Amino acid sequence: MKHDIVIIGGGPAGLAAAAAAREAGARDILILEREKELGGILNQCIHNGFGLHTFHEELTGPEYAARFIAQIQELQIPYLLSTTVIDLSSPASGGVKVTAVSRENGLVEVEAKAAVLAMGCRERPRGALNIPGTRPAGVFSAGTAQRLVNLEGYLPGREVVILGSGDIGLIMARRMTLEGAKVKCVAEIQPYSGGLKRNIVQCLNDYGIPLKLSHTVVDIQGKERVEGVTIAEVDEHLKPIPGTEEQFSCDTLLLSVGLIPENELSKEIGVELSPVTSGPKVNESLETNVPGVFACGNVLHVHDLVDYVSEEAAQAGRNAALYAAGRNEDQGEEIPVETGGAVRYTVPCRICAQRVEGSQVVRFRVSKNMRNASVCVYADGREILRRKRPVMAPGEMEQVLLKQKDLLGVKQLLVCTEE
Amino acid sequence: MIQCDIVIAGAGVIGSAVARELSRFEGSIAVLEKNADVCEGTSKANSAIIHAGFDAEPGTWKAKMNVRGNEKMDKLAEELDIPFQRCGAFVVCLHEEELPKLKELYERGLANGVPGLKLLNREEALALEPNLSDAVCGALLAETSGIVCPFELTLGLAENAAMNGAQFYFETQITGLERREDGWLVKTSGEDFLTKAVVNAAGVHSDELHNLVCENKLHVASRKGEYCLLDKTAGQHVSHTIFQLPGKYGKGVLVSPTVHGNLLLGPTAADIEDREETKTTAEGLGEVLEKSALGVRNIPIRQVITSFTGLRAHEAGDDFVLGETAEGFFDAAGIESPGLSSASAIGEYLAALIAEKLQLARKENFQPIRRGVPRLHDMPAEQRKAYIEKNPAYGNIICRCEQVSEGEILDAIHGVLGAKTLDGVKRRTRAGMGRCQSGFCSPRVMELLARELSLDLREIRKNEKGSEIVLEKTRG
Amino acid sequence: MPVVELTCISCPLGCPLKVETDSSGKVLKVTGNTCKRGEEYGKKEVTNPTRTVTSTVRLLGGTAPVVSVRTQTDIPKEKIFQCMEEIRKAAAEAPVRIGDVILENVAGTGVSVVATANAERIAEE
């Protein structure tokens, strides 16, 4: 049996993509989810702050997920739970072949005209940082600790140091404090936090937890269990400065040091990845270089707000529906989106102006903190957009909306910041 | 008090190899291990190489055991169902003036009886290994060099010994050794053992045990080596093990594929006092990355997924100490590189000595075949399908990075020497060894361990006592 | 006159605010803000800071050990730990639906603690 669309991942991206695809006319959609419930990582994000853009109210993660799950159920979109996709390939007959395994159905092969990649991301582990020291129990990535506390009901430790001021780390600082743990400090190697201001105020300042910017962990002590960590200040090259070491006794080190889009499956089917985002390179339809394979959410690039994931995923879902209906033929040349100034990357990184419907969202992140800089877009050297931003930060995603009429016939497109 | 014929001190690769070879004979064997699992010391953290045998001085135990051990590997790997690849090794020469040393190494290899050695010029070497650095001016190719998974080798040997009757006692530390009329009284942190023979396979502690009973004192230094392991995306960077010409501290820094498809860099070499100290250091890891780049270019060091430290038991005499060094006391002491390569040969040699000494007859029903945990990820689709049909738990993926199923984890927990800890599951199944380094699967593996072993989650450990992972229940 | 220093969280700008009050706690002046929202935030943070508390309660007879909860609206900031004490002692009987009231009038605030996730009952043997 050949489905119209198969969606890999039933988290916020997959759910929004599925709903939008159905609303765009796709009849036969299948969602594959590896966990035993839909909702993805939102299920363990029990804090509030989700949905301000989408629903104009502050929801917790599970509440936000539940609204999309309800929509999937209303639209009667089928899904398989506890089902892990183990391979993606392009059959000679066209489309996409998905191989998945589950306890219930064994090894199954599913073919679809289009696929939406919505696998999310994973946390960078200790090894990726090469943090020296012993290798005891008590070193957790923040998300693992979050799952243990919020879903399993267990406290990983009582005295905690957190490395990295990403939002999950900040959220966990508060969460563990509320559960009776003592969070001694949050160390951040950069001179600025990667987390939202609001989280710094409400998760750290509210509880008197110090945030040590330009600091990192240089040693972990303890043979069986973490007994302490050494933190040192770093110079402008992020190298520890000898003599600045400070000792913290603790039984737990949480790491919140970055997220990496999970694209092992994408690679199996030949999806080209961006070295900057580690996510697929996509065009204006969020389609990868493999025809009929779309990507959205954190597998595409790491987002700061789930609302933007939902919005982006809906676009991917709509385009997948168009593709499956055979209505997404090549209508013109794709031009690359070039980056300049502090713009690190853009999604999409290629645009076919003819396929843009009215306007096109371009999302990006910047490489440094800036005040009163402008985002500028040039088409063949002509300025087509200039937006002043009071503040831009690496931790926050930016976006601009380009009009189709400004893009038609353009050979060269540049998105940059100007200070 | 437990009575037995042979007590083996240590369930590392040497103790397990001796146990397996001895289990070919009648006689009761007790393997005492102070840690919670096999392969917890030197055996677990090393270069995972089955050396060809050109490195050691002709006539030494190291040379003899290495060459013999290498010879035995194909059959052993098949019998024990463990991965082993003869990927071959290069020793690369980085300075023209050192080329004669490469020749010396070649000749030493010939003297040791190593087959498959070839001297290559730069072009010949590059043709086989395109990522060699610009400095490489010549190389020795050793075709018989191979790679293995040290844990699976040790576990295979130990499980096969256990299948054939050897008893393993974990978390059992030897505290004293007293001579008795017909052998030894071995005092431990648990039960005491009365035995006819003792085998000293105590790794970095082998001198301590030896010195309890022998006049001739040994001194084993703990030599620390730091390693970096890279993601599987980097595993194709080289196809052979790339050594640099040996310097003052052993074999220098190597770059090697692993049997699981990762890329391994290391080790450094530093003698340390604390025999259990396995810290990594910023300097050490920096040195690994710097030195590995000397022989191989463009190593994708951003793909490091973990780093670790291994300890080598370096004996002052610079050779293995093998044989009956006191009445009924058999040493396998000071086993450093090429110890992993030599393990099966050392086992064979000591087992023969002990069997003769104790007049043990060969068993008729020795079962040399052991089967490891199936690896569904590596199976063709049809076979995988059949496995899942037989046992649906094989369809439930727990570790997404390495695609390890619940069924495989249950097999590991309920195996001959079953896993009891997260590390135990990880080493038997690779769950948690992938790029997320157990971030996603550890809570689920903990749940499985708790369910299968009837433990509370708070009792689940990473490895040894004191390494419990969660400390409290938040509610109720 | 007492001055409280704050970081505004109304937008990513994060203006450093100074809030001056008189001896009775009445706000006299907010400075450092760049917009009206900053002024309002400064006033509220000094006179009546509030927060939403999110946590979990024990789940009885459920397929999971705990179920997530929140205070239905903000509660006074100084009541957070008292609220957590009551949450720690509370339990919910499965099944639970989003919005089910788990605790009423938590910490005397008049605010209910409600479930934020659905939780199923474990199948009877």
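Per-chain residue numbering starts at 1, and chain names A, B and C are given in the order in which the chains are listed.
Following the convention adopted for this analysis, contacts are C-beta pairs under 8 Å (C-beta built on N, C-alpha and C of every residue); 3 or more make two chains touch, one makes a residue touch a chain.
What you see is a predicted model, and the numbers here were worked out from it, not measured in a lab.
Relative to the centroid of all protein Cα atoms, the closest per-chain Cα centroid is that of A.
Just to note, of A-B and A-C, the chains joined by more C-beta pairs in contact are A-B.
Between subunit B and subunit C the centroid-to-centroid distance comes to 53 Å (mean Cα coordinates, whole Å).
For the pair subunit A and subunit B, the distance between mean C-alpha positions equals 39 Å.
A straight line joining the Cα centres of subunit A and subunit C is 26 Å long.
Within subunit B, the positions touching two or more other chains are listed as 474-476.
Shared interface positions of subunit C, i.e. residues touching 2 or more other chains, are given as 56, 58, 65-66.
Residues of subunit A in contact with at least two other chains: 149, 151-153.
Residues 34, 82, 84, 86, 99, 101-107, 122-123, 125-128, 130, 132-138, 141, 143-144, 147-149, 151-158, 179, 218-219, 223-225, 240, 251, 264 of subunit A touch subunit B in their complex. Contact residues on subunit C toward subunit A in their complex (touch as defined above): 6-9, 12-14, 34, 51-56, 58, 64-66, 68, 70, 77, 80-81, 84, 98, 116-118.
Subunit B meets subunit A in the complex at residues 228-229, 276, 278-282, 284-285, 304-308, 377, 381, 384-385, 388-389, 392-397, 400-401, 403, 405-406, 435-440, 442-443, 447, 457-458, 461-476.
By the touch criterion stated above, subunit B contacts subunit C in their complex at residues 474-476. Residues of subunit A that touch subunit C in their complex: 43, 46-48, 58, 60, 62-63, 66, 149-153, 178, 196-198, 200-202, 205-206, 390-391, 393, 396.
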